[in-house]
Amino acid sequence: MNQTIGGVPITPELMLFGVIGGAAALCAVGVVAFNNAVRSALCLVVNFFLLAVLYFTLNAEMLGITQVVVYTGAIMVLFLFVVMLLNLGGSKMLHEKPDPKKFVGILLGCALFVILGAQILPQLMQVKPMELTPELAKYGGPQAVGRTLFTEYAYPFEAVSVLLLIGIVGSILLAKRRI
Amino acid sequence: MNYESIWLVLLFPILGFLLQAMLGSRIEKALGRRVLGGLAVLPIVLSFAVGLVITLGTKAGSSHVSTLGYWINAGGLSVPFEFVVDPLSMTMVLIITGVGALIHLYATGYMNEDKEYARFFTYMNLFIASMLILVLGGNLLLLYVGWEGVGLCSYLLIGFWYKDMANAKAANKAFIVNRIGDWGLSLALMLIVAFLLSSHADIAGGRYLSYDTMLPALQHGLAGHAGLATAIALLLFVGAAGKSAQFPLYIWLPDAMAGPTPVSALIHAATMVTSGVVLLNRMHVVFEMSPVASAIVCVIGAFTALFAALIAFGQSDIKKVLAYSTVSQLGFMFIACGAGAYWAGMFHVTTHAFFKALLFLGAGAVIHAMAHNQDMRNYGNLRKYLPITFWTMVIGTLAICAVGIPGVFGFAGMYSKEAILGGALANTHAQINGVQLGQIAGWVGLGVAALTSIYMTRLTCLTFLGTEERWRSIPAQHAEHHAPDHEEGDATEARHVLDENHTPHEVPISMWLPLVILAVLSIGGGYFLANGNAFESWLYPAGLPVLGKVSTEPSGIPLAMYSMIAAIGGIVLGLAFYLKGLPKNQGFDESKWSVLRRAERDQFGYDHALTVAAIEGGGDISRGLWKWVDVGLIDGIVQGLGTVSGAAGQLLKRWQTGYIRLYALMMLLGLIGLIGFFALEIQKGVR
Amino acid sequence: MADFVQHLHPAWQALIRVICFVLPSFLLVPMVIWWERRLLAWMQDRIGPNRVGNITFSRSSHLIPSILKGKKFRLFGLMQPMADFAKLIFKEDITPTAVDRLIYFIAPALALFPALAIGATVPWGPFPWITPVADVNIGILYIMAVSSFGVYGIVLAGYASDNKFSLMGGLRSSAQLISYELAMGMSLACIVMSTGSLKPSAMVTAQSAPLWGLDYPPFNLIQNWNVLTPYGLVAAIIFGICMIAENNRPPFDLPEAENELVAGYHTEYSSVKFATFFMAEYLGMVVYGIILSTVFLGGWHLLPIRFDWMATNYKNAGDIWNLLDTLNGSSLLAPVWVILKTCCVASTYIWIRGTLPRLRYDQLMSLGWKSLLPFATANLVVVAIWIVASKVASPLIGWVAVLISAFILFGLYKAINRLNTKNRPNLASRTITMVDTP
Amino acid sequence: MNGVPLGAYVGLGLFMFTTGVIGVIVRKSPIVIFMCIELMLNSVNLTFLAFARYQMHAPSSSSEQVQRSMMAGQMMVIFVMAVAAAEVAVGLGIIMAIFRLRDNVDIDEMNLLRG
């Protein structure tokens, strides 16, 4: 166990993270790379699910489960629903012809990754998580999240609820043929 | 109930206003006019009751500030919502709510035939609220709020019957002329703040406009700055003159009689027009520091009193006569203020509120009975039909003529007018370079008192006395119809035309009850308030801060006798001229009028000249501004800018391709540039 | 046994837990299939499968031991599911050419996944060392999360088949599941609120409290099963309806409505893949039954009677009460009670299938959005009122408040309904009366 | 996950974000662009949670400030989720409306708003 990668000792935990994170990254690439919108969506679902698992590894179990409920359970189903309703999957697949924008976009994206990564990541490679004390272990549970959400963050919470209401009304207005 | 409950006084009229404004027409439909009228009167009565209780708990010369909350906090200047409870404000509160309540009661009867009952009382309640803010406000800015509020209500109520162009024009005139006064007041405000800020006056909390901190600071700070004191005082006086209809700016008040009569009584006689006097009473320190300004106030007051009294002779409209009489009486008040007898000014405000409201309401009763015809030449012998109105009007007339036996008993006006004239004749404060302009004003005032008696007697005689019932001789088509609210084809219109068949009827109880109450006040109010200098020691028990005790008893002049002669003599002269009825040279044919009277009717050409100057001269100036400055300069700049930016836009719009992905690419490019730049900077820093 | 398990490596423990959950559920599936066919047949006045598994030994063969000769063993057709399964496995597995292969293959697996995983937080009995698979304090949320996966299998199957009927089935399914998940979540939230915990095991424990929170006879003789409380009953009914819809069972089987969509999303599936869908449906039935019985029906208790209270208060017959208490809730029989309740729930499923005709699509939507969701939300309000009132005052006052608020809410609902239908007189004519009354 | 440094999580987040950015630029279908935006939002969520769990200069995990900032990270994630949900609802509505209008959802053909 003296092997290191980038100065970090390889532990089983790191390997687990590598598997999950690698799969998530692959799925992220899949979202962009698949020509078929349904496959993109599927990749995204898997990505979100893996992210939820990563949230669990960060002791944020409430948010992990919320991630599954909200993203994979609702948002992605909506995506799939719309993709299928518009039948964008197979027969009407958009013809994506080669485009200079594609090349430039990929190049610039990579540049972004390199610049930001070079700036940020080296310092963070040595940062270890805080010791998981019993009171710390509770921080991701529904009780702690709920208590904070309804006390300290009550106003933002209300604001977000209003936003959601407006979103509902707006989407109904947009989607209805005749009101 | 101590002074902290003063906000209650303000609350009721505001609630009444909101009620009338939001639910008025519904209440009217559901419960009828009687309930609606009651709901309009009730808040004022409640306010009066609360005000009375607080007044009874207020000691003479005391001053309390009740702060409700903060309003403006900016750059060291702090203006809270504060109300001041002192004898001056409480006097005004009692006048406003007391007389206001009576007039509201009266109006429930007077406006009974009007369609827009709720709108009328909405405005009336709002007016009461604004006026209360004006007098109760603990700082000049709050006073300014009330000042503008009453101006607005005045405008709305003058133009209440806005379907008639003349009324709308009168309302506009009042508003515009008041603007000049407001301009002066706002300049005075800014000047005071600027002066106090620049002189580093030591005022806790930055309350530079609150009376309790500002006045001592001004007294202290203006000591070496006579010119500045004069400037502030004159600017304040411009404001006061605008609102209180003094000479250069009085022209709006006669036209304001276009509004309903209760409005004239409440706003344009009893309360709003006296707010200039209230302002001067509030800010008397500044005037005390400046004899020149005081002298100017005296002169303007005396000239206005004389001028308006003369014009009153040329008027045949009953309300116009009363309007000019109001202007004239306001002139008296300013004479007192200029001469330093501030309490006398306030005293006259009080008594004037009683008898002028009475006179206006009486005139309203007459107008009501005479089918909204306001021309006195159509009246005559009305005492037969309107006994209550007649006797109360007679009392009002005696009060305004200042009749009484000095030292024994007199009508209300006697005490206040004598105090004013005495103060003016005894003072040595209002003078310029040794010329005692204040004393001259006092002598002029004495003459005007005689004139007052004459024209008021003229009014009474033409309206009530004589045996000829002159409206009997008008055929129907000649009727001047002064109730424009009634639309054509209205079935009730026939009843309202004044013609030979018309029979006046005494007004209902809701209208004569206020008359009686006001008549009682006009008889006894002065005696009660002047008894043992009660009013003076109530308002200024310790005298004025600079001038000290102001004497109102000129030495060596038998003023009491002179004024009694003026009053009684005027009445006798008036009776001699007009008891027989309408003189031939004042009939409908104006070509038979004397030159002087015609000049008086036209206000000596002043209004006309001013209008011409304002409209034509202003038009020329504006046209010049439009042609050269607006079109040439400003439009040139604006359009030049537009052209330049349009050209730039033409160049830049090529970048807006409509391709979202291209935009995203550009954003990414910018982001990378930005992050790269910072990364480079950090790298440099590290190295 | 408890000690033995607890001393194993955690990985072994986890395996045991999983097996203890999955195996019984899997074993229940063929039973439920057989039971459904038999029960439906009985309801429809026919016989149903009663032959497979019947063994009649030969009278004359030498190979048969003499005691068995000529004997008949009747299994009432219990082996029918096995026969079906064998048939499905050995059928030819046809994959149409135009399908999206990857998705076509993973869709059945995705359909089975939630059915298997959803029960992982539901306890079978008071044995924390072996069940549930994970007793986490987000148990109910976990159920919601996993049940939301159920849509993917169907939707993707519908999409991948490259068949318009399948696609329609998938579309219907996604809309249906999203709609009913809301009301389901709301009804579960009621119980979460009244229990104060998201753990299913805590919910079972909370259900053994005195009825309605009133700690005096006769209420403290009865357990506070959620289905016995007013709001719990409403929530249970809503949950039951939503559960059937989530499971695509009749009358909510629109994704596979055979008279409109051939066979819906699994039109193009055959052999093992079809069997997987089939199994997912029945496994879903079983697992949802377990959840319903855990959350609403008192979990592993057989009867809603508080024998433990009696044991402490009637000491003269304490042993009997203690024995009954053990039998009722804490013996090894507890899983049996759970399975019993599950079977009852499954029977109700079948009963409903045999009774109600399939809903039209708009009826389905309006039931979900216009009836169940408002009712569940109103129920949530009522529960909140109960909690506040019983905390502030007493449980009894809480129930009074619940009654009052329920009346008010019902009145509001009626008023709004009247306002809504006032301007749309043709609303009534849109519903079709199924049977013409003469 | 004691053996995993913060850099790993942040690196994954950064990778996902970059992928999302590239996807927005490269893809033509508005729905996929939408998905890429969701991807970016989620990468940010991951970073938030990672930073909440790995407090770099924390004195001790029991101090109130640390706990508050741990909760702050989670709260931000919750709000991002809510906003994303609203955004998806409206965005998909818009896409539906456009599709209904033009029977085509190529984002390069939606270029009416140009100079």
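Here the chain labels run A, B, C and D in written order, and each chain numbers its own residues starting at 1.
Keep this in mind: contacts are C-beta pairs under 8 Å (C-beta built on N, C-alpha and C of every residue); 3 or more make two chains touch, one makes a residue touch a chain.
The structure displayed is predicted, hence computed values, not measured ones.
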item: Contact-richer chain pair (by C-beta pairs counted) among B-D and A-C; value: A-C
item: Per-chain CA centroid nearest to the all-protein CA mean; value: D
item: Where subunit B and subunit D are represented by their mean Cα positions, the distance between them in whole Å; value: 65
item: Distance from subunit C to subunit B - Cα centre to Cα centre, in angstrom; value: 81
item: Centroid spacing, where centroids are CA-atom means, of subunit C and subunit D in whole angstrom; value: 35
item: Subunit A and subunit C, separation of their C-alpha mean positions in angstrom; value: 31
item: Interface hub residues of subunit C, defined as touching at least two other chains; value: none
item: Shared-contact residues (touching 2 or more other chains) in subunit B; value: 661, 665, 668
item: Set of subunit D residues in contact with two or more other chains; value: 21, 25-26, 28
item: Subunit D contact footprint on subunit A (complex, rising order); value: 8-9, 11-14, 16-17, 21, 24-25, 28-29, 31-32, 37, 40-41, 44, 47-48, 51, 54-55, 57-60, 62-63, 66-67, 70-71, 74-75, 78-79, 82-83, 85-86, 88, 94, 96, 101-102, 104-106, 108-110, 112-113, 116-117, 120-133, 135-136, 139-140, 144-145, 148-149, 152-153, 156, 160-161, 163-164, 166-168, 170-175, 177
item: Complex interface listing, subunit A residues touching subunit C; value: 36, 38-39, 42, 45, 61-62, 65-66, 68-69, 72-74, 77-78, 80-81, 84-85, 87, 89-90, 141-143
item: In the complex, subunit A residues that touch subunit B; value: 101, 104-105, 108-109, 111-112, 115-116, 118-119
item: Subunit D residues within the subunit A interface of the complex; value: 1-12, 14-16, 18-23, 25-29, 31-32, 34-36, 38-39, 42, 45-46, 49-50, 52-56, 58, 61-62, 66-68, 70-71, 74-75, 77-79, 81-90, 92-97, 99-100, 105-106
item: Interfacial residue positions of subunit B with respect to subunit A in the complex; value: 661-662, 665, 668-669, 671-672, 675-676, 679, 682
